[in-house]
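The structure under discussion appears below in the form of structure tokens.
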Amino acid sequence: MQRPIRINVINGNTFEPMTQGIDESAQAACFPGTEVVTTQPKAGPQSLECYYDEYLAIPGILEQIILANHDFDAFVIACWGDPGLEAAREITTKPVIGIAEASMYVANMLAARWGVVTTQHRTLDIIEKTIYKAGFAHRCVSIRTTGLAVIETETARQATIDALEQVGRLAITEDKVEALCLGCAGMSRLDVELEQRLEVPVIDAVAAAVKLAEALVGLKKQTSKALTYQFPGIKPIKGFPEHMQPPFC
Amino acid sequence: MQRPIRINVINGNTFEPMTQGIDESAQAACFPGTEVVTTQPKAGPQSLECYYDEYLAIPGILEQIILANHDFDAFVIACWGDPGLEAAREITTKPVIGIAEASMYVANMLAARWGVVTTQHRTLDIIEKTIYKAGFAHRCVSIRTTGLAVIETETARQATIDALEQVGRLAITEDKVEALCLGCAGMSRLDVELEQRLEVPVIDAVAAAVKLAEALVGLKKQTSKALTYQFPGIKPIKGFPEHMQPPFC
Amino acid sequence: MQRPIRINVINGNTFEPMTQGIDESAQAACFPGTEVVTTQPKAGPQSLECYYDEYLAIPGILEQIILANHDFDAFVIACWGDPGLEAAREITTKPVIGIAEASMYVANMLAARWGVVTTQHRTLDIIEKTIYKAGFAHRCVSIRTTGLAVIETETARQATIDALEQVGRLAITEDKVEALCLGCAGMSRLDVELEQRLEVPVIDAVAAAVKLAEALVGLKKQTSKALTYQFPGIKPIKGFPEHMQPPFC
Amino acid sequence: MQRPIRINVINGNTFEPMTQGIDESAQAACFPGTEVVTTQPKAGPQSLECYYDEYLAIPGILEQIILANHDFDAFVIACWGDPGLEAAREITTKPVIGIAEASMYVANMLAARWGVVTTQHRTLDIIEKTIYKAGFAHRCVSIRTTGLAVIETETARQATIDALEQVGRLAITEDKVEALCLGCAGMSRLDVELEQRLEVPVIDAVAAAVKLAEALVGLKKQTSKALTYQFPGIKPIKGFPEHMQPPFC
Amino acid sequence: MQRPIRINVINGNTFEPMTQGIDESAQAACFPGTEVVTTQPKAGPQSLECYYDEYLAIPGILEQIILANHDFDAFVIACWGDPGLEAAREITTKPVIGIAEASMYVANMLAARWGVVTTQHRTLDIIEKTIYKAGFAHRCVSIRTTGLAVIETETARQATIDALEQVGRLAITEDKVEALCLGCAGMSRLDVELEQRLEVPVIDAVAAAVKLAEALVGLKKQTSKALTYQFPGIKPIKGFPEHMQPPFC
Amino acid sequence: MQRPIRINVINGNTFEPMTQGIDESAQAACFPGTEVVTTQPKAGPQSLECYYDEYLAIPGILEQIILANHDFDAFVIACWGDPGLEAAREITTKPVIGIAEASMYVANMLAARWGVVTTQHRTLDIIEKTIYKAGFAHRCVSIRTTGLAVIETETARQATIDALEQVGRLAITEDKVEALCLGCAGMSRLDVELEQRLEVPVIDAVAAAVKLAEALVGLKKQTSKALTYQFPGIKPIKGFPEHMQPPFC
């Protein structure tokens, strides 16, 4: 009998209700033969809404991977913006998937032109750069923000979904998107309701990443250790605990 | 108990041994709860090695989808170049995945810089345009060809793998790739042997696409019918059989 | 005395009135010393308005070239989207010109910023990808659609021209285009009237392609047979008539 | 009876033998019903081999157009780099074609991948920027220089053609080009000999531009006066003769 | 004691009041230890508002550099569009800075997304191409024009600043810019007032270029003479004075 | 009398000898009226040679800015790769300059085509992405690595300079670069010696950034607080000291 696929989904922030929400989405998305554990960093911001938040979250995200490396077959970083993704690929041979890239790939497979709807207005640049870096400036034709905070995706769920419907509708009518990516891990599980309201595919980024993680594990592929994603070289890293000191191989 | 996921993998050409080879790869890649059926078009070239071959293969590929639409949850088009992919998305609501896009997404998740190794020298432009169209000109740093024919991937398997090793090694040493996409459906199942020889991830495009098809079905997502991928409008299509006349909805 | 230049213009669809309309445009555009014959495929859709239509039209378009190869000096594929263009270049040494590329080149030589106006809303992606593939995303600043059907360009000519004027005016005032490409072969001969109404150059794509075909023949240039556009290799192509089996050289 | 098309080809430099060479190429390329007159600026460098040369040549090139505006139907600027092209389009309604853009369009219609071969090594950047600006960075895969001077294209014709063959052969074998643009007006009429030696299409840029000029005149199109290419506004231009003072309309 | 840095700012046009305005801005911007002299070409247009103006200005701009080469440590070309910049780098080893590039670099260092506000509507293309050429199409998200003339930046200063405020506000609210480049040398010194009105950084292009000139001189760097910016080769340049004949080294 | 400009240069790593080396370079580069203080993070890796190193260094870099915000007019982040740059711009209104962007701007102003030479082979991707993100893929034509470690730039200085000469020479002869960026803060002050050996401009990234910092302060410009670089919102950041908790305004 086949051993289950074990996936560690790591919430990018330290907001416990969001970790639970992400976990619900991940559990619902995975195949019966998959075990998902959702965790959150020991340290880091309550929500990631700017570059400062992102960069302060990354060491904690990476620590999760280091600590859990032997217990899982793949890792998912659950924050749109994919904080620390390249570094995560250095410290493990297990596949690591970002929810932003995962949802963009899914969007590409469902629609010719898509958009992203997300929270705070100020994240426009983070979203835009994430898409540009991925190479999808010609596929993503709309980025729209509600102005609500990340934590409101959990604490003001109704307001969040209504606001997403509103900006999503503008994305459809004004920008002619054919599918929408939910640009925040906190928006997990809103896809079904929004699909009914908007009548275009709406992509839950966490669910998308969990499925792609299963796919990579199923393919028995591991992260390349050829050049860029080699294990970090041995060197002292001041102020960080022993388990975060290289080597990791 | 969950109904199995049913995937129809469609070989792009009409070479029966390759259809079998593709099927072996697809069966090996899928989860236990997935049923894969591999078919080939009734009409079309024995192998796809130029634009003429590709365009003559497409109607037959699309016909397969039309005929099998109600029996499957997703379709895979098994030819690197993804012939007819956009049209396929118009004629069904089921997800349709091309093996080129699937393997590029997998490569992106495993390595910072990757390459494609494939058959005939003349396909360089088809490969290059496929990558440019996908948006990955900055991720794909090498395209190398063996000069062998597509059917030789089945009829001269040893020569094929040796030639792939040779050009793959140049891709690693000269172009600094960190992973390799096998740019032909006929190369299915060569990934394991090549990974051992080359020590970088080697991606079987058919297997990659089957896994992404499972992922999309698992996500319960369907192709957007919002604008581009609407069902084809009703109109006479001269010289084509009744079942290929729209509407398909 | 110089032998006349003989050009075969191939309507992409099987709608006889459009073939006639295209022919009128082509005859009006060519030099006295040029003979133009306009034909249409034996098989294929009545109009090309989506990817499915395009791909089903291509074999019939290619067949026209194969059958007429010895009787002409150049070929024009008369459908914006240039269906099958690369394959056409493989099966003949004669220059083959697509009306989309031709009109874009002409637009570039007349204006710094131009746009495309065309029929059905759903063709937006086909148009956009055609421009992106050509490399002119920085020159084309507007794509606008009337929502009318392709056959209406012949059957509802007045409505078509009025609708084109309306979206063309928006392209000028909102998007600041300086010239307009008529993005459908059915719009041939509307350029003069629209130029008077809109006061910017309006480009009849068929006429543009005929002139570029004359130019290439005049230059005595033939399609390169060096790598990509070599003649298709010999192989069985199931379900296609004898005359469509390679080799063609 | 139709009035002949009158084209003024303007050599970018002031080297009389090159003006004659360009004229021979232009005369050979045009249709019987076309009259070509080749001129050169009154002032400017003997050859254009760097940005300084180009910029000093432009006022003289523009003056030619101003003086001859009423006598011709179209203008060709005969220097690869298309010096002053946008300004030329401002001062006349007649089509103005640059030989670089013309030869790139012709190359695109003949081959999937092409290259440029030209003179001095230092012009690499001018050539590269010309291609990037045109949008063809994905079509041009090779730029190679002989190191010879522009005037040697006339004074050392045998050495020039041998050197072009040599770098052209490298472009074919190393860079996999399928056609070559001759990147200097002085190389006019070398295309036939080089095609025989290299067996790929070789494009005489002057001939290409003359044919495109005929095409645009045949289409009865004029340069857009909508925004960018409006006539220059009236204002004093110090140090320039009366006939170079706006307005020109 | 350190010798002062000597910078020659060259107004691109021949409008004396603008030369004075530019000088004021340059004097205000430079460090105490810097000497700035602002000059204007002997010949050329009163203002640069189209490509024709630009190209007629360039020889005069280059002449200024040739004449003053031994008296200065760096040169600034004060016209947004950076006319003649590459040629200027050929004729001297001293750093030459264009005000467009300088202000774009400064904008990049202050804001994630910026825009350009400038004068005549017709300059849209010049501005756009300048940004595209620099590589900043992904950073510049807005170009807006007032419709006023360049000389009005001096003669109708109040109207100019009010119009800039108006289009600048639209750039902020509609296009979401975070900083604005003043896209005309005549707008020098309007940055302070506009910053107060608009509450985003507003960049005086002349001041920006003077500071970068000081920086390059301070770094003791000189223009590369390796390939592109070698000194122009020796050759007769007809109709130009002795001092404009190469060599310049 | 003018108050001196105070710049805080922050070494990205915690290797004290490199902090000293950077300081020497920064002191040598600044104007007499500038005070430079070079510091290093309290925590972080000894050298930054991979993404893991970079991300673990960023919180410490940002902390330096927070602590020193009131004592300086501008900040320089001294690591090629510009770690944390966007976040740094959020937490202060003072200009923050990365040494990678600074040296690329300087390279653009000195040469048409430039390259980067740096340390470990594995950093190729970090360098490449930094350039792509900046928009300079068309200006940077070479990235070459010595294979030496970052700390060897201090501990094996002779070997470093010899290796840099070697790869730099290949960049000149093979890739035709006209200037070189030293792609590591540890290479500061090697520019003079390398310029003598290689005869092209060689850019000390630290010096470049210090000069641009002076320039921005001299312009009296501050980082935009309009959208992206607003101060981080107030929220708990677990595991970080009080002084790293927002708000910072």
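Going in written order, the chains are labelled A, B, C, D, E and F, and every chain counts its residues from 1.
The rule is simple: a residue touches a chain if its C-beta (ideal position, glycine included) is under 8 Å from a C-beta of that chain, and two chains touch if they have at least 3 such contacts.
If you're wondering where the values come from, they're calculated on a predicted model, not measured in any experiment.
Colleague: Between chain D and chain E, which partner chains are common?
Modeller: Both chain D and chain E are touched by C, F, going by the contact rule given at the top.
Colleague: Can you list every chain that touches chain B and also touches chain E?
Modeller: Both-contact set = A, C, D, F.
Colleague: Work out the mean Cα position per chain and let me know which chain is farthest from chain A.
Modeller: The chain lying farthest from chain A is D.
Colleague: Where are there more C-beta contacts: A-E or A-B?
Modeller: Looking at contacts between chains, A-B has the larger number.
Colleague: If you average the CA atoms of chain C and of chain E, how far apart do the two points sit, in angstrom?
Modeller: Each chain's C-alpha centroid was found; their separation is 44 Å.
Colleague: Could you work out how far the Cα centre of chain C sits from that of chain D, in whole Å?
Modeller: Here the centre of chain D sits 27 Å away from the centre of chain C.
Colleague: Return the residues of chain A touching two or more other chains; collapse runs of consecutive numbers into ranges.
Modeller: 86, 112-113, 124-125, 132, 137-138, 176, 227-228
Colleague: Which pairs of chains touch each other?
Modeller: Those chain pairs which touch are A-B, A-C, A-E, A-F, B-C, B-D, B-F, C-D, C-E, D-E, D-F, E-F.
Colleague: Enumerate the contact residues on chain D facing chain E in the complex.
Modeller: 14, 41-47, 49-56, 58-60, 62, 84, 86-87, 89-91, 120-122, 124-126, 129, 132-133, 149, 227-228, 230, 232-233, 235-240, 244, 246
Colleague: Contact residues on chain C for chain E in the complex?
Modeller: 112-113, 138, 176
Colleague: Going by the contact rule at the top, pick out the chain E residues touching chain C in the complex.
Modeller: Per the stated touch rule, the residues are 124-125, 132, 137.
Colleague: Quick check: in the complex, which residue numbers of chain E touch chain F?
Modeller: 2, 29-33, 86, 95-97, 101, 105-106, 108-113, 134-139, 172, 176-179, 199-201, 203-204, 207-208, 211-212, 214-216, 218-219, 221-224, 226-229
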